[in-house]
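In what follows, chain A forms one complex with chain B and a second complex with chain C.
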Partner chain A sequence: MNKKFSRKALRETGQGYTFMFPALIVLGLFIIGPIFYTIFLSFHKVQLLGNATFDFVAFDNFKRILEDTRAKIALWNTFKYVVIVVPCQTFLALILAATLNAGLKGQTFFRIVYFLPTLTSSAVLTLIFMWMYNKDGLINNILDFIGLPTYNFLGDPAIALNAIMFMNIWSTAPFFMVIYLAALQDIPESLYEAAKLDGANVLQRFWKITVPNLRPVTSFVVIMGIIGTFQLFDQSYIFSAGSGGPDNSTLTVVLLVYQYAFKTLGTMGYAAALAFLLAFVILVATLLQRKFSKEESLY
Partner chain B sequence: MKSKKWLSALGVTSLLMAGVLSGCSSDDASSNKGNGSTEDGEKIEVSLAGWGGNPTEEKLLKQTLDDFEKKHPDIDVKYEVISEQYMDVMKTRLVGGEAADVFYLDAFEAPALIETGVIQPLDEFITDDFDVEDFEKPLAEAFVVDGKTYGFPKDYSTLALFYNKKMLAEAGVEVPKTMEEFREAAKKLTKDGVYGFGVAPELARMYWLAESQGGEVVKDNKANFASSEVVDALQPIIEMHNLDKTAVEPKEVGVNWGGEIFGQEKAAMVIEGNWAIPFLADTFPDVEYGTAELPAVDGKKSTMAYSVAYVMNAQSEKKEAAWKLISYLTGKEGMKTWTSKGYALPTRKSVAAELGYDQDELRTALVAGASYATVWSKGTNLPIIMNNFNNQFLSAFLGQADLADALKEAEKQANSEIDAK
Partner chain C sequence: MEKNKVGKTILYMILGLYAVTTLVPFLWALSSSFKTLQEIVSGSMSFIPKNFTLENYKQIFIEQEHFPRWMFNSLFIAGVGTFLNLIFNSMAGYALARLTFPGKKALFIIILGVLMIPAQVTMIPNYLILKELGWLNSYQGMIVPGMINATYIFMMRQFFINFPKELEEAAEIDGLSKFGTFFRVVLPLAKPALAAQSIFIFMGFWNDFMRPLIVITDIEMFTLPLGLNTFKGQFVSYWNYIMAASMVFTLPVLLLYAFFNRYFIKGISFTGGK
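Up next, the complex of A and B:
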């Protein structure tokens, strides 16, 4: 009996794996394999050009991060970026979703309009913003018109990163807005009705009903936001033409990884170590976020 | 029933896999054909990779390649343009063994790439008629490492002072010949929103000035630009921006580079190379300008020279044919066609004399610079040194740090990166 059962189970397992085979191949080749390869690379000094060499150097690549000023600048820039962008875009997304769910006239139209930035490719978006940020561009003209000082957004190290932050909040918030919109549909109308009967005003209903009910979704939005912002690359790459300038002000960790992997020769191992560090930082940030938000579910 | 299902699952999967595999194998077959056709009088296909140029340059290159194919009917040249991130793409392809047989290589990147052994030394191919001596020596030497030649420069450009004739006449300023005159001229030219000098605050453009007082930017393949000679030499540029307010960086006035700032008449003088001449003719034909040699420092002339060579992939399986292509493109005939319109300056003395660019009004200053120019190529670590210099020099230029401190910081960082390599 037992034997027969195990044969059947074996056959079913075999069948299952056969069906999964194509997916497993793809996952293994393009996701799981590279992860282990990165770990392997991060402990080696790698020169890929010419006669490819892999010299085992133990923890040298990780020690090097501690002495690398640019790595510290990149981490600090990325940290600043995450700390400012994630709360701003989450809050903005929540406000946008709440207003577009209030039953205003033409809200479907505005939902579409607000969502458009997310559909635009980030490379195109960055190029358009670079024109607007130009010293003689749209934004400076407006600032000048209303009597505010103008800025050299692209060339001034003190401002360049803020310019990217603003652009990213504007383009990512609508994506999370859609997620919030979907979640808002799940909040039972009866809760609002009951609150209304108890005499709660609009703001009270928002803070006491909407926000707590959206907590699981907020948790998701924040985690996705953290992961996305820690991986900032394309915007700062296009902004600085790959250099992370002006004066390292738009240098992010992923951009630094790219520079060490593809620009400088023979630092692939160090780049892998930096990538590993970034993965670790994101993991810690996500765990911390989960710890602070405590419960995933409201009920 | 069960086993049938199992079988069909296997069937479907293997079918899928077969599709994927055959996709690969058909690719292989076609590329093998390209490689294996060296015998039987079939055509050999040599691939050539470069970055694109403007339409006129593209046409000139095409014409040169057509001429070559006519002379060598057994060789087909497959030309490919890599328009963005040329070096990143090239390095990746070299690692993957997919790089072209012949490709462009900037002198600036050359030493580091040659060191890895992916570039074929050309000495065994060179014949007497190729006439190596004919090349401008400093330009050819940028591609020689340990006595071996790895490439021949296809063209070059030096830097010259571009000045707006009308603005200089209105301000009553002569074309400056020395650094002191230059600074005074910039003061007089700065007015009504126009700046005297449009400057590119980066090492590639500042190198000649940085070394003009005897300092060395790169010493023993390490950064050495914090030395007092270099700092003193660069200080005038910082002062022109922060004290005199006569110099401006393109981004500060909303443009991308010197050619634009000059063409839009936002700056009266810029330091640019040959590439700016066709750009100005195409985009800003109404600007009247002249060129002059760069202002001398302490009576000594200097400038930069930028050069690009044709090099051969060491993994190439068609080296004989590849050499034929290189030797034609950098030979007297090919170079004459390529440089005939003045978009690029010839690196061969004989071709330069024949085409007479030293007589050309706008290019005299550029050609004159060739004899005393510093070639933009200094050892394997120049990319690291440049990156760190540019970052910190910009902050000093914008007045956010003292120049000496900024360069000291940059030098420290550059050398720690070099040591860690």
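Up next, the complex of A and C:
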């Protein structure tokens, strides 16, 4: 009996690992292995030309971050970007979802329209916005028409990052809106009816019922937002043709990692240290957010 | 009653205003793609092209001979990548949900952990590994590292946990092996879950900018996002061409959306923790 059982267990183990095999290979070779490889690289000076060399330099790469002005600029830009974009896109997503959920006619139509930016690739969106941000492009013409000052969105270091922020809030909010929409279906209608009987108006119902009930989802949306915004790359790259300009104003951490890893020689180890730092910052931000929102059931 | 009407009008105004905000960039890009260069340069702000022309769409294929190839590359990588993801994610999800084997729990935790790892951490080693394998500038270099996805392994596990066991038991009594059961009985019944993930995986491959930027340097092997970026560099102020190319590139995903609209919503609400 026991022997038979163990043979069955053995067979199922074999089947289990066969089913997992492709996933295990990719996980090991392209995700878990590379994590350790990144840690290894971050403590070495890497030369790839000719015979690749890896010289152990202890913490030099990390110390170098402290002295690197561009790294500081990139960290600051990324930080600014996260702090502004995450609350804006979350709030916009919530407002849109609540409005869509109000039971008006044409809901489906609006939902389909709102969702368009989410479908479109970052490359295409960035190009469309660059065209609109042009000096005498559509946006400046509209601003001029309603009597507002015009800007050199692409060329002015004080504006360029804001232009990317605006574009990304616009393009990411609808995705989170759909998540909110799904969650809104789960709030019992009776809560709203009771509040109505007590004489609560629309805004009161929104703040006192909708917002608190969506708290776990908001937590999820904010975490996803933090992880996503810290990784800003495509838009900055295309906007500045890979340079992070004008005047480093669109330089993000990931763009800097890319430049040090693939565009300058001998700085791959340093790039790995930066990437490692970024992962650490994301992890800390995520954990902090979770702690503050006191909602651990979800993620 | 009167108050209700005012409220409704305000809601419609919000919805309408945001719909316009969403649509304007797309309509502007679309209209620009039908304009002549003259009109683009003249700074005309009309959404209706003065001299409607299809010339831009023709020209981008003539001026940039690689365009069809880029499109093929994108389709091929996204198509094969999606197909492999569907099979491998389901297999892994099935094993985690249904089979008992030592190390299963640890594997599950690892997969959940991987969800939190930003791609940039693995980007540099991935390049070095692909280089070592000789997979730079190749389809396998683009497909293999992305042929599984932790999010969807997790999703498939949740799906199979709620899947009725009786069907599999019946199949086994009929003499099907575990693999036979999986491919002939279980997988066909998982279609809704597969449809939802296939759209997002396809879009992920199709829109990916960073991986091709790192893995591919040979212009023949470019995918569309990379090609589009190069194209912009070549035709800096030819916005009519750039917009036409952008529209061509966006069309396939829009078609996908038009047909599978409901799966999109399902897929996202799943990611939302359901």
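Please note the rule applied: the second predicted complex is superposed on the first by the 280 of 299 C-alpha atoms of A that agree within 3 Å, B and C clash if a C-alpha of one lies under 4 Å from a C-alpha of the other, contacts with A are read in each partner's own complex, and residues count from 1 in each chain.
By our rule, a contact is a pair of C-beta atoms (placed from the backbone, for glycine too) under 8 Å apart; a residue touches a chain by one contact, two chains touch by 3 or more.
Since the structure is predicted, the reported quantities are computational estimates derived from the model, not experimental observations.
In the superposition on chain A, A:69 makes contact with chain B only, while chain C stays out of contact range. When the two complexes are overlaid on their common chain A, residue A:83 makes contact with neither chain B nor chain C.
When the shared chain is aligned, chain C comes close enough to touch A:23, but chain B does not. After overlaying the two complexes on the shared chain, residue contacts for A:288 are found with neither chain B nor chain C. When the two structures are aligned on the shared chain, A:15 is found in touch with chain B and with chain C. In the superposition on chain A, A:279 makes contact with chain C only, not with chain B. In the superposed model, more residues of chain A are touched by C than by the other of chain B and chain C. Contacts of A:132 after superposition on the shared chain: chain C is touched, whereas chain B is not. By the touch criterion stated above, A:148 is placed in contact with neither chain B nor chain C. Look at A:264: by the touch rule set out above, it reaches chain B but stays clear of chain C. Common to the chain B-facing and chain C-facing surfaces of chain A are residues 15, 18-19, 22, 134, 136, 262. Those residues of chain C that touch chain A in the shared complex are 7-8, 11-12, 14-15, 18-19, 21-26, 28-29, 32, 43, 45, 84, 87-89, 91-92, 94-96, 99-102, 104, 107, 110-111, 114, 116-129, 144-145, 147-148, 153, 178-179, 182, 203, 206-207, 209-210, 213-214, 224-225, 228-229, 232-233, 239, 242-243, 246, 249-250, 253-254, 257, 261, 264-265, 268-269, 271-274. Chain B makes touch with chain A in their complex at residues 2-3, 5-6, 9-10, 13, 16-17, 85, 87-88, 91-92, 94-95, 112-113, 116-118, 249, 251-254, 383-384, 387, 390-392, 394-395, 398, 400, 412-413, 416-417, 420-421. For chain A in complex with chain B, the residues that touch the partner chain are 11, 14-15, 18-19, 21-22, 47-52, 64, 67-70, 134-137, 152, 154-158, 242-248, 262-267, 270. Taken in their complex, chain A has these residues touching chain C: 9, 12-13, 15-20, 22-24, 26-27, 29-35, 37-38, 41, 95-96, 99-100, 102, 104, 106, 110-117, 119-125, 127-129, 131-132, 134, 136, 138, 141, 170, 174-175, 178-179, 181-183, 202, 216-217, 220, 227, 230-231, 233-234, 237-238, 241, 254, 257-258, 261-262, 268, 271-272, 275-276, 278-279, 282-283, 286, 298-299.
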